[in-house]
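Okay, so subunit A shows up in both of these, paired with subunit B first and subunit C after.
Now for the complex of A and B:
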């Protein structure tokens, strides 16, 4: 970095509507910031996947009956970690009640993998008690 | 094959339908739905279909896209068809491994190998 400041914005709070272009714009901005802060491609793949799953779940499930309501995305990219909070206005859910999608009996079911992928790719994934807000952290590996 | 679809490239060779994605990122819900419908209509138009889906242009996907692939798998199974996936980028293949869907799908390194597996 040679003492220079990264040019991309490193944090923002965005009110996001369920429109592909808007979702892509936020995703692009977070990934640009991650790239500026030296996150390798594999990290960007992980962050992108988790973000998309969280936003998809918020609109698909959280806002099932609130199709015109926005979802809040609050993100911060720093040298050591990326933190993304996705909050919807729905009733919430109990993430621990989501059955294991890798169980043999569930492999042929076409849904139920989003939360597991978020947990697999992010360092930390936590829900609030109501289950309408997820906080995800990706810790950059030390040797990168 | 009179397919002029926006989301897929489709051709038929030696009785095998070969599908490639136009999009590098098969994520958008609308795209995924359209992809699912297009492939489903291909399956419906064949008896005992043999289908290779190539991921050579794809650099990202989501659980919704995986869901569509599972629906395709189930539809193929119902029609006693044979489905092969091919050319999956290592990062995307890892998603299949994490979700254990590499056990459900017949995955080949290349399209050629996928075609050869029908012989």
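Now for the complex of A and C:
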């Protein structure tokens, strides 16, 4: 490929530290791959939002007592979909037990919207039984 | 989509406070936003207009910071959001914060209420 533009990676497994530069780097790489594969701005917004929410939850809640442990991010971007797996080493949680943040009694709370936003913006969001690994898929609409 | 840092300014005006936010209100850079929110709340303005026209990205944490600002201004003050792009506006709508916060197309519209 001499003289050509370097192609963005389409997949990687990353051990992510709870450091802004580390999080930004994986985010940038996934979004560059998405852009290369023709995902529009709104899709990139959705993918970034879900990734940030999942990574934040993993560090804030999963690694509450494991501050120096890395979170694993396994991602693949293809022409038709983006798949991101975020796994922490914490005890896990029950996503269905998270209260609805859009309920009027919870609207003014500053937290608790991450899981809802992941589900709202991604095509598919699934947790393992333990609740320490989330697999998210964004399916690119055909008319994109 | 640019992955730029967050730039925040606030300025006292005769009608209240203009809070201008540009860039990305994501997980990696919210301390800058929170640094501005505390003194705004302490000054108890009647109105805060958030100029979000330069805001490219917002996560639940950014939403949480604005919710904190909204709560801090009550009961005598209010927060209005101006100029948010379609993606940012959609996050406010999906989280149903549009039932708490009024969104306007521009700062001028927000001032008119």
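To be clear about the criterion, the second predicted complex is superposed on the first by the 138 of 144 C-alpha atoms of A that agree within 3 Å, B and C clash if a C-alpha of one lies under 4 Å from a C-alpha of the other, contacts with A are read in each partner's own complex, and residues count from 1 in each chain.
As a working rule, a contact is a pair of C-beta atoms (placed from the backbone, for glycine too) under 8 Å apart; a residue touches a chain by one contact, two chains touch by 3 or more.
Just so you know, these numbers come straight off a predicted model, no measurement behind them.
Colleague: Identify whether subunit B and subunit C fit side by side or clash on subunit A in the overlaid structures.
Modeller: Aligned through their shared chain, the two binders clash on subunit A.
Colleague: Using the touch definition from the top, say if A:28 reaches subunit B (first), subunit C (second), both or neither.
Modeller: The second partner, subunit C, only.
Colleague: Look at A:90 in the shared chain and tell me whether it touches subunit B only, subunit C only, both, or neither; answer first, second, both or neither.
Modeller: Neither: A:90 stays clear of subunit B and subunit C.
Colleague: Which partner does A:70 contact after superposing on A: first (subunit B), second (subunit C), both, neither?
Modeller: In the superposed model, A:70 contacts neither subunit B nor subunit C.
Colleague: Mind working out whether A:20 is in touch with subunit B, subunit C, both or neither, as first, second, both or neither?
Modeller: After superposing on A, A:20 lies in contact with both subunit B and subunit C.
Colleague: State whether A:56 touches subunit B only (first), subunit C only (second), both chains, or neither.
Modeller: A:56: touches subunit B and subunit C.
Colleague: Look at the residues of subunit A and decide whether subunit B or subunit C touches more of them.
Modeller: For subunit A, the partner with the higher number of touched residues is C.
Colleague: Could you look at A:113 and tell me whether it touches subunit B, subunit C, both or neither (first, second, both, neither)?
Modeller: The answer is both, since A:113 touches subunit B and subunit C.
Colleague: Common interface residues of subunit A with subunit B and subunit C?
Modeller: 20, 42, 45, 48-49, 52-53, 56, 101-102, 107-111, 113-114, 116-117, 120
Colleague: Touching residues of subunit A toward subunit B in the complex: what are they?
Modeller: The contact residues of subunit A facing subunit B are 20, 42, 45, 48-49, 52-53, 56, 60, 101-102, 107-111, 113-114, 116-117, 120.
Colleague: What residues on subunit C touch subunit A, complex-wise?
Modeller: 1, 3, 26-29, 57, 59-61, 63-65, 67-68, 70-71, 86-87, 91, 94-97, 99-100
Colleague: Going by the contact rule at the top, pick out the subunit A residues touching subunit C in the complex.
Modeller: Against subunit C, the touching part of subunit A is residues 20, 23-24, 27-28, 31, 35, 41-42, 44-45, 48-49, 52-53, 55-56, 101-102, 104, 107-111, 113-114, 116-117, 120-121.
Colleague: Using the touch definition from the top, list the residues of subunit B that touch subunit A in their complex.
Modeller: 27-30, 60, 62-64, 66-68, 70-71, 73-74, 91, 95, 98-101, 103-104
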